[in-house]
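Take a look at the structures below.
Presented sequentially are two complexes of chain A, the first with chain B as partner and the second with chain C.
== the complex of A and B ==
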């Protein structure tokens, strides 16, 4: 850690991991409800658990992105953060707002919560991922403004690097793309449009730039490769992301009442969305091959190398499987979408957040890298989580395919619940994979409690022996 | 060395390697679009032929001449800088930018006429492809002009010379790609029927 104010990233990272654990707990609850429909009913109905699972995901990822930005921007700008106090205040406001939202979902019926928080004045609640009550949405905007003010002022007074411009620019984009969340008209087509502007605009556009910036920073620091080379790759990846991602939003417009040309535009451009992810893989391997140093933090490098691969498979390959309009006609809303969602969110955004935390946390705790035993825990966590998530994606893919053939693309469709019953084996395996994922996360968290730092002398001696 | 040398000592790709990755990705995008066009056309030949006649081929031809000439000027700029003529390099690049601007002007006029004649995305399948392909390419011309503008400013500022001209080659490679795509697009959408 080069600048004292970078330490404000620490509470963000800690809170992100705690919220991540919360997200996984709700995932396990839902997985069990797929197997036993009455589990925890009526205390935590499936839809409430689902809201908690997805909202916690968004909140912990935003926490991690903000922590990463507070860590990266001062270091890149070669100056202290404009206002560390404001960053800490923002942290507490965001954490309390996030916790209050989850408690609201759990303790108050959604309709009562909606009425009590003024949803009748400006309707915004009800759409997936955007279920938050109005005051919370306004809070998110204020938190984002505070973050952007702090980062932009830091950027203005310090060194200007392309990487900082990309990161801060993408965070501005993140804030602006949240604004359509306040537009929820009665017209369902328009409501769908604005919903996708937020959701697609984030995960298939703007967030990919954040992903690129975070990976770029990690590779500059860990491999010693020239900044110019990293930035050049980032420019190309960003250009391809925007070129395919912006019009690729059309794959959400197929059957919602939008003009027919979106069938073509959505199919062609979203089919090309894997290209920037493939470029990320090439970028990561090239940086690794051209490295000028062996960084002692092997765990962080493992996360950084794993991120583009799993992202390419989850967002690219699994996304491509369901993106063409004729396929989507049958696959829409099946567990194939859930398989894509899980592997893509984990591969692209959860893994890059964990990579950043793995890289920065030892430095924030005053050492370049953790001890080998701590890193072993972390790498065990990596493999458990990655393999479990692949199992989850595969089982959901199986369930989705069964739905298509028994319920959609058939002359004699079975009823929904009859098909669900035939998919039970997939849901069983999925729940066990969920337990495996939880074990992986716990192993990852365990690594933070292993004391000591990387011992150069002993490790060199051991390697020579 | 300004030019990358391959292992066997022969010249490698001109310009920066990264731009070739980008060009490859760009050509893949256009290839998919052209393939989609060709497949759809094979199923609606009569519709495509009839709609194609509504297009103004003179505009298309003018734009082809403008872009091909502009590409030639970029090649001259590269030759000039390799010989150490910085000012000439800047002048050739400026000339190619002016022709690029000419392309934009002609295309905007054509889009305006299309609009007044009722050619829209929802018109029919051919118009949808025509507008998507040409607009997507139009955006690439703009992007190519941004790249060439940066290279031109740097050329006049003396940032390139006979030993260091990778930037000129890099910008030129992208501009040639934009030109190449237009030649295929013009033949495919305006001419072949």
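== the complex of A and C ==
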């Protein structure tokens, strides 16, 4: 840690991990409801657990992104953060708003919550990921404005690097792309069409810039590769992201009521969306091969190398599998999408957040790297989580394929629930994989409680022996 | 020092130019789509009952379990063509009869809708079933 004010990142990272654990608990609940439909009913109906699961995902990722930005921007700008106090205040506002949202979902029926929070004045509730009541949405905008003000002022007074421009620019984009959340036309087709501005705009556009910036920063720091090289790679990768991803949004427009030309446009451009992810893999391997030092934080390097690979598989391969319109015709709204969503969200955004936390947290705690025994816990967590998430993706893929052949692409289509009953085995394995993922997360969290730092002398001796 | 053929500022310009170019194309296409939507979804047929029905569907988080035009959660059946699959009478009887309480079966919560509200929801589902979605879903089972 080079600047004292970078330490504001710490509460963001800690809260991100706590919320991540919460997300997984609701995931386990939903997974169990897929196996036993009466589990926790009516205390926590599936849709409530679903909202908690997806909203906690967004909140913890945003927490991690914000923490990463508060850590990276001062270091890149070579100056203290403009206002650490504002950053801390923003942290508490965001955490309390996030907690209030989840408690609201759990304790108050959604329609009552909607009425009590003025949804009838400006309807915004009831869309996936954007279920938050109006005051919370306004709070998110205020938090974003505070973050952007703080970061932009820091950027303005310090060194201007391309990486910082990409990161702060992408955070501006993130905030701007949230604004369509306030636009919810009664026309369902227009509502769907504009909902994707937020969701696709984030995960298949803007967030990829954040992903690139975070990975770029980690590689500059950990490998010692020249920043000119890293930044050139980044520009080309994010250029490909937006050149494929902007029109690639059309793959959401095939069957929601939009004109048929989206079938062609969406297929062609979204089929190219794996390219930037593949480039990210090439970038990571190139940087690793050209490293000028062996960084003692092996766990962080494992996360940084794993991120583009799992992101490419989840977003690239699984995304491509369902993106062409003739395939999507049968796969739309099946668990194939859930398989892709899980592996892509985890591989790209959860893993890059964990990579950043893995790199920065030891530094925030006053050491370059954790002890090897702490790193072993962390790397155990890595493998358990990655392999479990693969299993989850595979089982959901299996379930989706069964739906396609029994309910969709058949002359004698069976009813939805009859088909779901035939997929029980997949949901069963999925829940076990979820438990495996939880074990991985707990092993990962355990690593933070292993004391001591990396012992250079001892480890060099051991390596020589 | 060897002269660089491909510089960072060239890379940045490709990024800015490429993103800007495709954003403009997207905005033009979106304008055209906007003009076409009202005819494709029969926006004129959105009566006050349909609009109220949609509001109820949103504020009770139906998409937290169901899909509508394939979007939402995958826990419960597609609602785009449920009007054609089940018919209005069935839906009107089904919603207030929830939950079934059958052991192990997925449960739908009991929503305290009035008869008028259920009528509004059915009106919305009927409107929804007539949206031109490029022949999706593939069959009546959704």
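Please note the rule applied: the second predicted complex is superposed on the first by the 465 of 465 C-alpha atoms of A that agree within 3 Å, B and C clash if a C-alpha of one lies under 4 Å from a C-alpha of the other, contacts with A are read in each partner's own complex, and residues count from 1 in each chain.
Everything that follows uses one rule, which is that contacts are C-beta pairs under 8 Å (C-beta built on N, C-alpha and C of every residue); 3 or more make two chains touch, one makes a residue touch a chain.
Here the structure is a predicted model, which is why all the values come from computation and not from measurement.
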Using the touch definition from the top, say if A:302 reaches chain B (first), chain C (second), both or neither.
neither
Taking the superposition on A as described, I'd like to know which of chain B and chain C A:95 touches: first, second, both or neither.
neither
Would you check which partner chain A:236 touches, where first means chain B only, second means chain C only, and both and neither mean what they say?
both
Between chain B (first) and chain C (second), which, if any, makes contact with A:9: first, second, both or neither?
neither
Output check: A:190 vs chain B and chain C. Expected answer is one of first, second, both, neither. What do you get?
second
Touch check for A:329: first (chain B), second (chain C), both, or neither?
second
Per residue count on chain A, the busier partner among chain B and chain C is C
Once the structures are superposed on A, label A:414 by its partner contacts, choosing first (chain B), second (chain C), both or neither.
second
Go through the superposed model and pick first if A:259 touches only chain B, second if only chain C, both, or neither.
both
For chain A, which residues lie in the overlap of the chain B contacts and the chain C contacts?
232, 236, 239, 243, 259-261, 265
What residues of chain A sit close enough to touch chain B in their complex?
232-233, 236, 239-240, 243-244, 259-261, 264-265, 267-268, 271-272, 275, 279, 282
Show which residues of chain C lie in contact with chain A when the two form their complex.
6-8, 11-12, 14-15, 18-19, 21-23, 25-26, 29-30, 32-34, 36-38, 40-41, 43, 46, 51, 54-65, 67-78, 99, 101, 103-107, 109-111, 128, 131-134, 136-142
Which residues, counting only chain B, touch chain A once they are in their complex?
16, 18-19, 21-22, 25, 28-29, 32-33, 36, 121-122, 128-129, 132, 143
Counting only contacts in the complex, chain A reaches chain C at residues 30, 33-34, 36-38, 41-42, 45-48, 50-51, 110-111, 114-115, 119, 123, 125-128, 131, 162, 184, 186-190, 192-193, 195, 228, 231-232, 235-236, 238-239, 242-243, 246-247, 249, 253-263, 265, 329-330, 332-335, 337-338, 407-409, 413-417, 420
